[in-house]
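Just below is one structure, and these are the notes that go with it.
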Amino acid sequence: MAEQKEKPRKVAAMGMVPYEMALGPTWTRFFEGFKEKKILGTKCNKCGRVLVPARPFCSRCFEPMEEWVEVAQEGTIVTWSYVNYTYFGVTPDMIPLIGATIKLDGVDCGTGMWTQIGGFDIKDFELVTKKVKVGARVRAVWRRKRQGNFRDIDYWKIIE
Amino acid sequence: MGRAVAVIGTGQTKHGRRDDLSYPDLVREAVKKVFEDAGITPRDVDGVVYGSMPSMMEGVAYNHFYFADALRVVGKPLLRTETCGSTGQSVAHTAIHWVASGMADVILAIASEKENEGDAQATMMTILEPFLQVVIGGAPIAFSLQSREWMGYYHIDDAKAREAASIVSVDSHDGGLANPLAHIRVKLSKEDITNAPIITYPVRFYDVCPISDGACAVIFASEEKAKKICKKPAWVKGIGFRGEEYFIGDSSKAVWQSTIEASKEAYKEAGITNPLKELDVAEVYNPFSYQELMFLECLGLCPPGEAPDYVIKGTFSPGGELPCDPSGGVLCTNPIGAAGLIRVAEAALQVTGKAGEHQVEGAKLALSHAMGGAMQFNGVTILGSEL
Amino acid sequence: MAEKYKVDKDLVRMEIVDFTFPEKEYRTSRHDTVLPYNWALGPTWTRFFDGLKEGKILGTRCKKCNKVLVPARTFCPICYEDMQEWIELPQEGSIETWCLVNYKYYGQVKEPPYIIAQIHLDKADCSLTHFIGGFNLSDPDKVRGKMKTVSRVKAVWSKEKHGDIYDIAHFKPV
């Protein structure tokens, strides 16, 4: 009979599952807007809030949000963070980056996590702490070639 | 809240890197201990509640099936609940609701994580839909963003927040040293923390929880059963749980309503009007030291925007007015799914005087807490030594 | 594994290269999940797989209820006792149930058609999940006819063994 010969082993494996998610009418239109350099939100006819990204329904009133609004491409930093570490799927050439939540003018929520600050040497951390502040003003900088996804806005530039 | 409910036993594994055991064996380690502690057999249990992070974390979809044997659930009803970081609180609340409703008398609650079997941050990225809330960084960036938002909202000076976060980290690591089951057991100085590399600014290496393997089991019982079975039960005095919108930018994370409302509900149920004064110990969920500062405020333990002052003057340190995380907290032990239930178990140990070297002398009323989701959920459970 | 998926660094996205979805008329976002795992086998399953590598099927016996379970277990699922007595099982047994798999999906462990079955090894107190093979499976009607006559099966070992469950290639009719 096989005796226990070695320390308990580990087995390496890779979990791979393909997904294809429907964007639905609201988010399809939102990203179509990106192609035309427009940031689109929707307005709730009950509470009056304008939300970006556009929503099919109001998260608080549960009302459909059918009124489309093109919003400002400038706003204020609500919070930011500097990411400088890797994990599976993130290689050293993908960092550092500055993730930020931005409150766009006339919008009633923050952008969440898809917005990044850039436009200067962000590898220089001293410079980052000098330029990037809660409350600083920023403006969207679009890519020349846009494909209708969140990377169409290349980065948000600090307005000095 | 229905019938009275008590904790009649707890069991935790040795937390850490547990390559020595398969995942079901690890779960069993906690389950064996909880039955020994409670002095009952699975025959006495009416049902089982289990939770972990998304099972994708360890690569087995629906790991509660995989653990059926280890959970001793064969021939019994099983419920699963998962709310990310707050899973452990959700598991406890599910068990408490089950007993309080009168539908069961004794419920076994178990939560676990074996984080070293997968890549925690890569899995964390699968929690969000991939086209609207995308950013590199996993959990550290989400909670760094939250900390920075809190600092910005109250105009808290970077240096002061840094000082307070370092104290939180030093205190937690001292707790870890006193807790034989804790994963990280090192003595740290404030300098060790401020000189550590940046992970996601302002968060540095020792401001971040480890990647842990571990499991926790707690048995909840009705008043009648608890009095019959257990010499010194820990009574559930109050619970609260709140959720928020999916989109992270939709609500303030500096003044975190779900923490505020969840704790208010728990205090109301427990008849607590001045939590700082009335509580003897708090097991606050602190995967990031900066985040604990914000929690201290949102849990109503100090005025908004003043957590750094209170921390710096020692209010939440060992020997202070309300010692926080004497077990070492999540900063020293973070098997994510289990972390919220470990808070409940630690609160139970404290109010029953069974916490050993990290016992807070004479603790009678303890708060336990966890947060989860994509910065969406908060759960609070308050335990006391008296019914 | 590296060739089976690619990373879109710009969109922070993985794509499995050997899989395509059918065309859709509405807008979608492809986002595959690729995650690495490193499962701890623990002492019991490490020894079980070591046994397979040596061409042995090992089970463990519960000292309380006396049941022999295969694959070997750390503990008895009913008695919860440690199962420390190791038993080498006969490599023959009977079929409890079987199913012919005759369709393809992504990530399938074996090229169809194949038969998956519950096999009750002699002297074991439970059945083991594995393949039935060693004869032509291409015609489902013929397979049904053949399987009506099969009751006993025997393990066929893979030429190359890696210390995993596929060290047994399949079970063939005796």
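All chains are identified by letter, namely A, B and C, in their written order; residue positions are counted from 1 within each chain.
FYI, a residue touches a chain if its C-beta (ideal position, glycine included) is under 8 Å from a C-beta of that chain, and two chains touch if they have at least 3 such contacts.
All figures in this text were calculated on a predicted structure; none of them were measured in a lab.
Any chain that touches chain A and also touches chain B is listed here: C. The chain pair with the larger count of C-beta pairs in contact, out of B-C and A-C, is A-C.
When chain centres are set by their Cα atoms, the one at the greatest distance from chain B is C. Look at where the CA atoms of chain A average out and do the same for chain B: the two points lie 29 Å apart. Put simply, the C-alpha centre of chain B and that of chain C have 37 angstrom between them.
Annotation: 41 Å between the Cα-based centres of chain A and chain C. For chain B, residues touching at least two other chains, in rising order: 19-22, 56, 59, 119, 122, 125, 130-131, 134-136. Chain contacts: chain C has residues 11-12, 29, 31, 33, 35-43 touching two or more partner chains.
Residue positions of chain A touching 2 or more other chains, listed in rising order: 7-8, 10, 13, 15, 21, 23, 31, 88-90, 94, 149-150. Contact residues on chain B toward chain A in their complex (touch as defined above): 19-22, 56, 59, 119-122, 125, 128-138, 140-142, 144-146, 148-149, 151-153, 198-203, 245-251, 253. Taken together, the chain A residues at the contact with chain C in this complex read 1-23, 28, 31, 88-91, 93-94, 149-151. Considering their complex, residues 18-25, 28, 32, 42, 56, 58-59, 68-70, 72, 74, 114, 116-119, 122-123, 125-126, 130-131, 134-136 of chain B touch chain C. For chain C in complex with chain A, the residues that touch the partner chain are 1, 4-5, 7, 9-12, 14, 16, 19, 21, 24, 26-43, 46-47, 49-51, 53-54, 56, 58, 86, 88, 106-107, 163-164.
Of all residues in chain A, only 7-8, 10, 13, 15, 21, 23, 27, 31, 51, 53, 55, 59-60, 78-85, 87-90, 94-95, 97, 99-101, 103, 109-114, 116, 125, 128-129, 133-135, 149-150 touch chain B in the complex they form.
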